[in-house]
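Labels run A, B, C and D following the written order; every chain starts at residue 1.
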């Protein structure tokens, strides 16, 4: 039987399949359900210091089958209510808070609070691609120095996964900057900057106008970005693990990411209307490894790198 | 594909204090007829003058009727978006994503329906579906006073009314009418305390029940999780739940969430 | 009846729907077929100075329905045979050569040759996203100065459409640099950098490994990039027209791009197996305008900009 | 979805000088049985030792047979990729995208088939399909000498042979056999000059004809246009064309293209 175990910043996980931030993870109840799946860890919805109600709807629309545009607007109850209500210590599955903020100081404050609340590791969202229409600046994850500053500030408190946006010319450069700044892992990709327009009404579809694309259609883009990150880290002599995501729908897609060098993966959009798919994916990965005769993930991780 | 369909408001009827009914005609037909209890996410692509789009959202609305592809919704004035919906006129356009969620089951010989407030409209659609199948439903309608009772004359079958002030029917809670009946299933929709009483009665009398619930919905399509009730998603596993689903719930009748997921206590 | 006419660098076109470079345009015969469609202009396959046989296959694969990854490798017979065989002057529809080269000088040489052969305007491909695996540098269209240099060199010969890659942090900045350097129009988007992996064989699907994503699934990304370009040009007080593309499948999609401010559009991948769709798209656009009561494209161009 | 299926080579048969036949078993079944005349783009994900992947490509190969989901192709040694294919062994894997293009029509009472060289294998599959329908085909096979005639014993129905050196059957061109027959349709596949003679004979004798053509294919799926024959795409509108499609062609029998689209003249 295949052994799916993997470690992340010293943390032992049963398998490399994680729930992605923002999908079926915004309340303790739904996290409890997801923790019953065959899953290595659960990432929470992005948590900010103050509560955020989210953007006006529509917030999520399927643009082609299996591919979605969304602008939820990072709705969350805010740090205090989050820490009060979400138990980060006594679940059967590791829960990893995802943090979002505007400044390195705020990130450090969030990291401190979740560490005190028992989190062993946190993911930081450097990469929300749908700022309000008025926002014109770049995101932290679009600038290597800004990204490094945030990672440095947050990782004094607990190990940090730096989550990157694909909306950059050179994602490898950002990944290297984050790894050098102390990130324990790099995760990618967040959603692709996108909009959709209704031709009948001549207006944007989403309440927020701007949104991010995710789901089946973006998988070849996510694979390319993960490959770029793995290659850049290797070239810089860094062995920071990479968490791949973007369009994973089944076990084959997980295999694709691991073949490109990902240590772990996250699954998001495909669970819309089908949360149980998360377990199927993990089971399918074990089946695939058994069929191929692989004992451990290392037996095939990064196997396609030689082709590029 | 969970992609919006745009509907033109063709008629606004039954402008009672419980809610205005909007009849909507799609620019692209829905592939299947909705099941009573299912809902749609509804929004105003261009709100009427005086209403600010930036504070309007997409909100869940039960399907309250179906006429050959045209959809009825019944809106109660509750807040910013519902006010804007109520200010619309025939010819205005709405966006709908739907039909969404799991509706009521229709395999029932002697259905008893119990509705309060804007819980009544989806039950009207349910009663009409039963009547179309040749089954005569009994419907209990409740409200504070007669003006709050949703269009009893539209319901096929027997209608039994209760008002808090006795201005129509039984003087008291609509749940007090339950004991008069021995149905094969109870179908109910309305304020959560009424649902709790209904569930208790159903369990005590070994009557299976289906309850249509409301929770704050940010996406409506099973992506975000904010509508969770314990481990269920109201937008996807519901909004209609069976008594079995709810009997051991830690949240039903106790807590609900607002935008962002903040908890508030359900008023008994 | 709606008037679909549009001008591009002084050239009068019947309608704003063009055939995109690389799709059904690599021989005079297939261009003749496409010129019988209701189409404003035809862009040729990218032409290089020397002949290029293209990459080994597989060259094109559908990753999700309607969305494709390809790495053709810019196959073309080279400038001399192109100029000999393709008539740029006496067709019923304007044929616009698309040029690809490594240096500004080469671009100028190509531009000169096609101008001599009768071309009234040329598109330059600054943006091929699937260089050979050995290539590590950035593309011209990923650097505003490099892009401007190429545009400047080529546009001394004839009016130039600068075709941009979406694989950048800030496409608006590149568009402004090209417009300032003398581009007569900006076209976008080329394909998104992508790879796909076969999990059974543990190798890349494409012969070239690296490829570019196009077709239905990328439309929301293309729309966002075109919006960014239109906003950046407007902010810089430039009125350079924009040619939008990426995932256009029907008339509604054309409307979406024009609502975002595109003056013209190009259609590519959706024609795979269905070349006649090109005429349907143009006819659908006319029908839509008639139904909406629009006389001219200006009546609705850029209409959604107020929302962003 | 035009996405690759991977096939394992299960058997290699009929290793004649015309071509080796590879029987291929898919890892994922094709949804429909291919029509004779259709083709697949075939490549070697991992070429056998000594063959360099970087010069192998995906090349078009006619479907030469079908056995309950297993596909037969017949490969002639023509260049880099075909050499590598011929060096494969049972157990090796190939990638296929297909079935692609338009095949032969099967509604014909008295079919006459004429094949030369590796044009014969798709006609074998066609003859087998006719036989399965209870129609007895007549097949004319041509080649330089008897060793170049593709497996005449495998063809159901009558087989009539011509060789340039007279080592088997009629001494001369296979097209010289045509005048012996009055078929309801001519089906032909092989070297282009043979196809030209076939077309001329068919037109002169008012026999409808279907001709299976070859052109350089870069994508095989109707995206790039390089396989064009006049305004048609051989990969999509063909590879089987009717006499009507070809009779006024400026390119058929005259010019073809190589990788990149460079023109060369078809040798008469």
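A few remarks follow.
Operating definition for what follows: a contact is a pair of C-beta atoms (placed from the backbone, for glycine too) under 8 Å apart; a residue touches a chain by one contact, two chains touch by 3 or more.
Just so we're clear, the structure is a prediction, and the values are computed from it rather than from any experiment.
The mean-CA centres of chain B and chain D are about 64 angstrom from one another, to the nearest whole unit. Rounded to a whole number, the gap between the C-alpha centres of chain B and chain C is 50 angstrom. Chain centres here are Cα averages; for chain A and chain C they lie 33 Å apart. Centroid to centroid, with C-alpha atoms defining each point, chain C and chain D lie 36 Å apart. Residue numbers of chain D whose C-beta contacts span two or more other chains: none are found. Among the residues of chain C, those in touch with two or more other chains are 63-65, 203. If you draw each protein chain as a dot and join the dots that touch, you get a simple line with two loose ends. All chain pairs that touch, listed by label, are A-B, A-C, C-D. Chain A meets chain B in the complex at residues 22-27, 29-33, 45, 51-54, 56-65, 68, 70, 72, 75-78, 81, 85, 198, 200-201, 203, 205, 207, 269, 271-275.
Against chain C, the residues of chain D that register as touching in their complex are 1-4, 6, 27, 41, 43, 45-46, 53-59, 93, 95, 97, 218-226, 228-233, 236, 251, 257-263.
Across the complex, chain C meets chain A through its residues 63-67, 69, 133, 138, 142, 167-170, 192-197, 199, 202-204, 209-211, 213, 216-221, 223-224, 227, 252, 255-256, 259-260, 288, 300, 303-304, 307-308.
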